[in-house]
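Below is one structure, written out as structure tokens; the observations come after it.
Every chain is named by a letter (A, B and C) in the order it is written, and numbering of its residues begins at 1.
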Amino acid sequence: MKQAVIYIHCLVMNVINVSHLSKQFRDINAVTDLSFSVQEADVYGFLGQNGAGKSTTIRMLLTLISPSEGEIELFGMNLRSHRKEILRQVGAVIERPDLYKYLSAYENLLLFAKMSGMRVRRKQLIDQLEMVGLADRADSKVRTYSQGMKQRLGIAIALIHDPSLVILDEPVNGLDPQGIADMRNLILHLSRHLKKTVLVSSHLLNEMEQIATRMLIIDKGKKIIEGSVNELFDPAKTIVEVGTADTTEAAEIISRSPWASHLKHVQAGHIVFELHKNQLSQLLKDLAIMNIAVTAFTPVNSLEKYFLSLTGTNQHVAAFAN
Amino acid sequence: MIKIFRCFLVLTAFTGNGYGQDAAALVQKVKAKLDKVNDYEATGEMKTNVSFMKVPAAQVKVYFKKPGKIKIRNEKGISLVPKGTVSISLNNLLSGQYQALDAGADNINGTPVKVIKLLPQDENGEVVLSKLYIDETRLLILRAKTTTRESGTNELEMQYGKFAAYALPDKIIFSFNTQDYKLPKGVTFDYDDGSQKKKENGTKESQRGKIEIAYTSYIINKGIADEVFK
Amino acid sequence: MWQLLQIELFKIFRKPRTYISFGAIAAMVIIVQVALKFDGQSYIEFILGSLKETLDIPYATILNGYFVCFIILNLLLIHIPLLIALVAGDEVAGEANMGTLRLLVSKPVSRTELMLAKFFATVVYTAMVLAWMAFLSLVLSIFVFGTNDLIVARSNTLEIIGHNDVMWRYLAAFGYATVALTTVAALAFMLSVFAENSIGPIVSTISIVIVFTILSEMQIPLYDRTVKPYLFTSHMLGWKGFFYLKADAEGVSIPGTIENLPAVLRSMGILLGYIVLFAGSAIVVFKKKDILS
């Protein structure tokens, strides 16, 4: 059974393959040794706080930024040497979609469609605008559009040439709840009905949980964790934050113990474990046996806390919580 | 002694008067020839040679009307004609009252000439002094040097050919004084092509200009309206 | 590439600021023409005043369409670089500022193609500005003032050019001026790559042109030998070389000639070299640039 699963897994193509990607801006390591892959028809969630390296990574995928190290393959082709062929199959909305304000929606769409190498007819463009609910404002200047309308136009532009891979960087930023719901439905439609591969970056965890099939969490330019949503958010599993007096010594002891494989994260003041809920009491007992002075023992029971614990920003949460 | 001195004076006076009469008589003969022409409209090609000007050869018309009107016109273009062109007309030089003095003889291009100085009686006139080099045989003025009040000393040289019967030249060369010309480079924004700079104006030679008119035809005594000279 | 060029031209000519140039040129030219129509003699007296005592000045014939055009070019070719920089400096920096640059660069076109299309679109714009200026300053001046010989006043020489010998010189001069202004466009275009706001490249370009023009026009021997021959502004006035004639031994100008054609061609070659340098540098830098806007 396991072998069959592995075999089936190999048949599924990796649309994106990133190996040991790094990017340095002067003395800032924006991305460090990042490796991940996105499979065909995935809705791949790219999670991280602001400044974590998500946009930098996405810009590297779109050749806006050149990596300092590492390789990127899309559709099995090296991005550096097959840039044009690859980008013909990619549509992207990068952060807030900024368009030519002095042109109409129709003109913007026409312009970018031509740049994508398409021969388009007016009807095709109007249909595309219809799809995103902008057909009746096709000839209005973009400067008259709301943020939500611009976002929808950005989506229309990203999809006009029917790309196989759609990259959305923070697509729900600035949208109202209805806009967020629309975006969610669109992404699901792209994936489930149009069979497109979607890479979505966001810091909105609840949204990502609802749409993503696989996820990567990035913090300070480094991969924290990657896997399917089910793997990451197994309800039977939990994250527990263990407060200790001497974290360094405690981590040293735990790393030599059977609990080493459950050790996720070490921060000043506490150690983060990932384990089954039914292992909690055993962990507590074993910590006492190992003479580790436990000052706090806190299972994380929310997705947000899980994320924050992985990225080590508990302090921010605590400050706001109080 | 006094008797000898008086005789000497009389002789001298007679001699002088005799020479003066010769000079005046010659000038009168030349004037009579010139007076055959009441007016003319001449066509010719004018070349301008002034140190600070580059001018193409121009087709001009020269108009003359007695007693002293003269006008050079470029019908189809621009010509910067020196003031003092009154001196170009020999008729003007010989009009009015003047005293003619014999100034000896000379030779112009192999032709012997008589040199006559003319002192205008009109003290307010434009011309102060004229020096004429006259071919006695043909009664033609070959050269005229004129000192004017406004324009300094001009020189007019004539070459005669088919119009000699009317004392009208085939070609004249008129030399005159000019002021220096200069504009700040900040006004003109000249293109500096990197070549050697021309020698600065200021030498005596560079302040002289020359125009040369080669006449191709004359229309003589057909009448010319005064408006032409405005 | 042709498709990209069309797109870039479409963007340039849909921007309202593009038409500022055309409007400004029209206003400036017409103002000069009106002034000369009413009081052209004063201007001629200013130019030829020192000769008034010795030469008869035919003011009416001097003030003709060719003369008026020459005055306009003399005055405006200092100011036109600003109008060129207004568009050229916006080409890349404007896109970065608008946020559209990241969309463009993520399309399946090479950065080199994109930059070449933008640069050629700028060249077309520059040529159209010159064509507009040529129409207004030459054609309209001829219509209003008629034609006659042209007097060209240099700092220590007066050139008179026969009216039959003028038009081809203007065509050559406008062609040369297009190259000269393309140099300014290329400079602004290059500076545009380094900025994310078009004000910087525009102001920088104008500042450079002004400073270099001052150095080019100043008569300081130190600069004459060392700096001046290499400044592109020293060669931008090469269009005037088409209006300097050769003269024969008698000082009579020879129609149909140019006093120093090799120098004019050399200046044009230098300007073309600068265009290649600026545009080439822009492309090289842009190819390696991280698009963070």
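Quick notes
What we mean here is this: a residue touches a chain if its C-beta (ideal position, glycine included) is under 8 Å from a C-beta of that chain, and two chains touch if they have at least 3 such contacts.
Note that the structure is a prediction, hence the values are computed from the model and not measured.
The interface carrying the most C-beta pairs in contact is the one between chains B-C. Of all chains, A has its CA centroid at the greatest distance from the CA centroid of subunit C. Centrality annotation: C (chain centre taken as mean Cα position, compared with the mean over all protein Cα atoms).
Chain geometry summary: the mean Cα position of subunit A and that of subunit C are 52 Å apart.
With each centre defined as the average position of its C-alpha atoms, the distance from subunit A to subunit B rounds to 100 Å.
Subunit C has its Cα centroid 48 Å from the Cα centroid of subunit B.
Residues 47, 50-51, 53-58, 61-62, 74, 78, 148-149, 151, 153-163, 165, 216-217, 219, 228-229, 234, 237-241, 244-245, 247, 250-255, 259-260, 263-264, 267 of subunit C are the ones touching subunit B in the complex. Note for the complex: subunit B touches subunit C at residues 47-58, 74, 76-83, 85, 150-151, 176-195, 198, 200-201, 212. Within the complex formed with subunit C, the residues of subunit A that make contact are 25, 59, 62-66, 83-88, 90, 92, 94, 96-103, 107, 111-112, 114-117, 157. The part of subunit C that touches subunit A in the complex is made up of residues 3-4, 7, 10-11, 14-16, 98-100, 102-110, 288, 290-292.
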